[in-house]
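Working notes, structure below.
Chain lettering (A, B, C, D and E) follows the sequence in which the chains are written, and residue indices restart at 1 in each chain.
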């Protein structure tokens, strides 16, 4: 159990800064998910917390103690590595038992713990195999198991489910959540999966190029993204964002279409509309005409990808799974005025007070 | 360009069979996606096509030629490995150029190809780095780039996007699709991502324990899953499947609830209902009462996880993102009679003719 | 074993041809000659030779001195192989920790290897002669009655030290190379798992170093058994008494100095059998425990 | 010109002498070209020769150390006696011109010279004059008998003039083989092996007495053991030991060390009848290999004749410290006043040719002399380490040695 | 390259200090004898002959080295120091390169191919790990004579590359190469040669460097074999010349020259080590992300 406190933590690789000062106070027991584009510094941040990467500047506290100079093993953490990092010379069982053995847990207890984790991870048939005789997903589960068997004060997980199939992933996700509820360990979790991010997190850190753009609960992040970047990054399919000219009484969209949206500050603005908040317009309703370039059918839903007619501003639409719309069609959609997102075109910050 | 023909292909690891006879005819230019639970043999199948794994029995034809005994390089394929397999001593640029160099492509052409792929994969800033100085997603993109620069007659991709963030993933997905449309290369693609599977595939192979349970177009698989396994595996959240007792005029659900579904063969059956085909019941409508155990809010949608009241049959519901329902609530849902799936309880096969 | 291999049939033979040719000419042919000679009684010039069957072997094996020599060899070889490897490994691990000056140490560590055995003998004389040796003096001062010329234990210690000294460089170099091939990620994982450095050394680094260690084990065994007679020759000459007469020194001395051809050949045949057995043992049993990537 | 190959084992200054002699010989005539080749230590040279002979590539002349003489003599078909070579080569060979002690050693019992003595030495006594002075010993009169040596050595140690009174190189060569000859006691039967298969007699009472005394001295720390061959020389040059017995050939290093040394004859045992008799040579001789062309043999003969020339012998003697092999060279050196300046050079000659050799003093010969020496060294070391007494040591040495000889000769 | 000196997996300052301590100690013990020779090479014969030798350099360095180069060595060796160095270099290079070529080839065959009799070849080769030249000298010599290789460079080189140690080393190393790399390369179109050249060789550099250094020095310090197969001074190696100078027994050894020559004999191998340093690059092995 431990509170984790990052205070303006930075990291440079030979002069090249990749983490630009991150501060966050993670109270004991919180489940924090880190998301962000590939290469934005998620793993680096996690590795700094783990003690695997020296902190270039700033302080890191775990459980009220500055741990900048402590060894990983003195931090009482468990970690799942993005690339598994399984011990090639040890069987699955030994891989999982390793940390417990070091902690001098009694043999039978180790066995019980390993058995439990193996059951949960569906790894029982593979306990005596070496990692090289496992499939990718099986390896990832072993990596997961290695962390699960221990009961550290903080958990660090770096995309622990990326190689699992949807079904197993849902199952694991629920189990992680449940385990977190039960043990209450502070957890830092990196993922690319929106569903994981939204469902697991108490709070979300959305990172971009080494900067934390927003730290907030998942719904806050979804509903009131702090920056255009966050708005575009969270939500799948991504929010449609384009530049509009606002004047009293309405806005001009790309392609010259006008929408009667009022109350926006005058001038050039970035307007964001989530696909799920664009409904097929009723006849006569002021609408945005979209020329479809392609339609992806996923079963329950379909996504239409296109542009605002007469412009090249991309628009993604969420359509019913049964839609007949197809490439080449024009679809008229109307935005839900409750769900408009407006951003400053210069710095990308959200404009709230309109 | 090549047609790939698998004829009862099998694979054993020291007596332990992991591929149990797979046959499929992939016409030239088709995009086939392989999905299945972790460890079911997807990578193994791909590796056999690549020539990296000896085929224990059966024949494999590429472009009309039996290639069982041909070297990978004689098969004219490119492959993206699940664990990247980057050359640690080569820079990103060299990693990508390697295949072209071997093919003796002129230098300037190589450079052009690499530059193109790097642009597309957003790898330009990293071209001169060694793999060890890259993030996980960046490595995965390099692995991808190494295959993309070449123009082989067949592409094999093993979870090429699993480490990418949602945005980049959508982008890459579209690019892969587009590239496939442009070049028309026969492609075998392993993924865990339902969206990728549904959107990319011309045809889907759903594998389970070394057996191809269904080979069909994505929509077919979604709409008429051939087996209970496929039904449960494809679609996210997964289809709800439970045992019912059918008699003339209706079925008895777990918990004793009755639904007036007619036309089903009498006796014990497995009934499948997708979450997206369960609507909140209007008052008076025959409904299934579900006790919610938890609700996950994803923004646009929310998922409710619960059980059929009075039983322990799990039910997942898809609810509007704005739902007020929460843990402990009882929700009444009505199935869409157009979308019933019925399976034989003994062998799990779909029952069509009712 | 490797999961994938190249399927060629002829190419491997071409690749092996040079080594096989050289091995056949320079090893198997001479070995066959030695075998033939071991059944003969012959004068050095080969002017007269009589076939004596296994008499030479019988004689050698019933000679108590030979058995003594077996014992000396066992003590000597095991000590040298063990010491040379463990000291080198220890130093290689230290060197790996160092960031600046690594190359400097590495260079210095290799020096002794560059000393020709011909010079090494002279050096050890100058340094360790009980009366005038530069390093014998301090021992004397410390109250140790250092006298390898007459004290069997001292002599044994001295040749073990000399042989170890000569081999440390070699082992060091390969341990350094081996250590560098160990993925850092695994050490990171171990650190996360709570392993102390010492612990992760023994449970991760050491097992993963096994391919190198195994190589060195084989090489050091062979070195200790065979390549050390030069040092023994220069430092103790097998003495005092027969306290440091190892099997190979005896082969050398009987064949090369005393010119007793048949017996010396018989001894080298026995030695070959011992080493073949030892090598086979190492490959069959010890290598089982070696983990390759 | 016909090439004549000469494999040798000469190192240091002696290697220079070889080179000089060869080039001078080549310059002195044009028919033959002598090519000296260094082939390592004595055992290495012998082995190289044997390997080459077996491969049909033997050199024409091969230098073989004293203890290898037995082996070479046994190799009848492999060598050609020097006497024959000289005779066939048209060179006059008058044995009486040569120093009897040396030539005797390299001849058959019948007197046929088998190999040509090239470098011969003899053990003598060296002492440190500074230490002698400090110990109150007579600086100008070195001890003559072993008893005197023991006394002087004890005095050196007791007086604290040095930590060690006496040391010696080559216990086998000096304290066994030369001890026998110098004191005229039998080393082995059959004229010490010259006349047939020897049976060692080195456990005789005089030997036992001598080694007993040596062992006592070692126990007291007065005698310090330096090793099986020449290592003890360093104990002397370092100033640690006051007295040294060592080959006359060792003089060079002692001179170079810059110490204030004196020399004396090899000590003898005053209880032995007829002592001092004469010492026997160490060093090496040149053997001519068999199966060569007449042309080559002629050249070899010419070279040996050249080598016998007084001025060549004189050069060899003065430069290398080895003994001259001809009387004429000795006389000439003497006449030149060389010995006044270098008395140490004359002592070994006097020792070796003072009296006509007896059965006991012509030298020793066994087909496996190196092995016999090994055996002796092993037993001596055990004795010096206090593990056995002198009588046992010598008895063991003799018994093991005899067993080895029987083994070889099938006796 | 981000070989993060501050990575917590790397040793921390205090540990590095301790490591330095051990290395210094190790180097002192291990390299002392070499230092000793160097010291000796700066003293007069007289000092050397009157042990114990001082532990600090003496004043004679210039004189000794001048003497050695201006003919001191050739006077004894019968051939110039340069010629000796050239011969030794050729032999050492030949042995080192020959051994690397032959053993890499055979290890490559054994590890990366499957063919009939593979295990037989394996054992045929690895049994030869034993038996040093000295023990098989006579028959080997006869082979050399029959092949007409006496007094030739091949004669000096060939028998000494007949050992399996380097093959064993490369086998051991090759076995640790991950399968994925071979697979990726094969898919990229690499055949055995390209895979070797582009992947295996660069990854083996550290080991090649180690073997090269070891074998070069091994070749450089050879004594008995060169002695046996050369009959001409012109073909002598430096160690032979050195040995020719040293005489423990009779007379006059120019100890100062011996020491100088010893130093000179050690220098080139050391130079090789220094030059090879850069190939001992820190592993390319990735860190985990």
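Note that in this section a contact is a pair of C-beta atoms (placed from the backbone, for glycine too) under 8 Å apart; a residue touches a chain by one contact, two chains touch by 3 or more.
Fair warning: this is a prediction, and the values are worked out from it, not measured in the lab.
S.K.: Per the definition of touch at the top, where is the C-beta contact count highest among chain pairs?
M.R.: Pair with the most C-beta pairs in contact: C-E.
S.K.: Could you find the chain whose CA centre sits the greatest distance from that of chain B?
M.R.: Result for max centroid distance from chain B is chain D.
S.K.: Distance-wise, how many Å sit between the C-alpha centres of chain D and chain E, to the nearest whole number?
M.R.: Averaging C-alpha atoms per chain gives centres 39 Å apart.
S.K.: Between chain A and chain C, what distance separates the C-alpha centroids? Give it in angstrom.
M.R.: 58
S.K.: Hey, how far is the Cα centre of chain B from the one of chain D, in Å?
M.R.: So the centre of chain B lies 93 Å away from the centre of chain D.
S.K.: Distance-wise, how many Å sit between the C-alpha centres of chain C and chain D, to the nearest whole number?
M.R.: 37
S.K.: Could you list the positions in chain C whose residues touch two or more of the other chains?
M.R.: If we look for residues of chain C contacting two or more partner chains, we find 3-4, 6-7, 129, 132, 183, 185, 188-189, 191, 256, 293.
S.K.: Find every residue in chain E that makes contact with two or more other chains and list them.
M.R.: 1-2, 8-9, 51-52, 137-138, 178-179, 183, 186, 191, 223, 243, 246, 248, 285-289
S.K.: On chain B, where are the residues touching two or more other chains?
M.R.: 52, 71, 83, 133-136
S.K.: Considering only the defined contacts, which chain C positions touch chain B in the complex?
M.R.: My answer: residues 3-4, 6-7.
S.K.: Sort out for me which residues of chain A touch chain C in the complex.
M.R.: By the definition above, chain A touches chain C via 50-52, 71-73, 77-79, 81, 83, 85-89, 98-99, 102-103, 132, 146, 150.
S.K.: What does chain E use to touch chain B in their complex?
M.R.: Residue list for chain E touching chain B: 1-2, 178, 180-181, 183-191, 194, 198-199, 202-203, 284-287, 289.
S.K.: Which residues, counting only chain E, touch chain C once they are in their complex?
M.R.: Per the touch definition, chain E meets chain C at residues 5, 8-11, 15-16, 18-20, 22-23, 26-27, 29-31, 33-34, 36-37, 40, 51-53, 55, 101-103, 105-106, 108-115, 118, 121, 124-132, 134-140, 143, 158-159, 161-162, 164-165, 167-169, 172-173, 175-179, 182-183, 186, 191-192, 195, 206-207, 209-210, 213-214, 217, 220-221, 223, 239, 242-243, 246, 248, 262, 265-266, 269-270, 273-274, 277, 280-283, 285-288.
S.K.: How about chain D: which of its residues touch chain E in the complex?
M.R.: Listed in rising order, the residues are 5, 11-16, 19, 35-41, 44, 47-48, 50-52, 54-57, 59, 119, 121, 229-231, 233-234, 237-239, 247, 249-253, 256-259, 283, 320-322.
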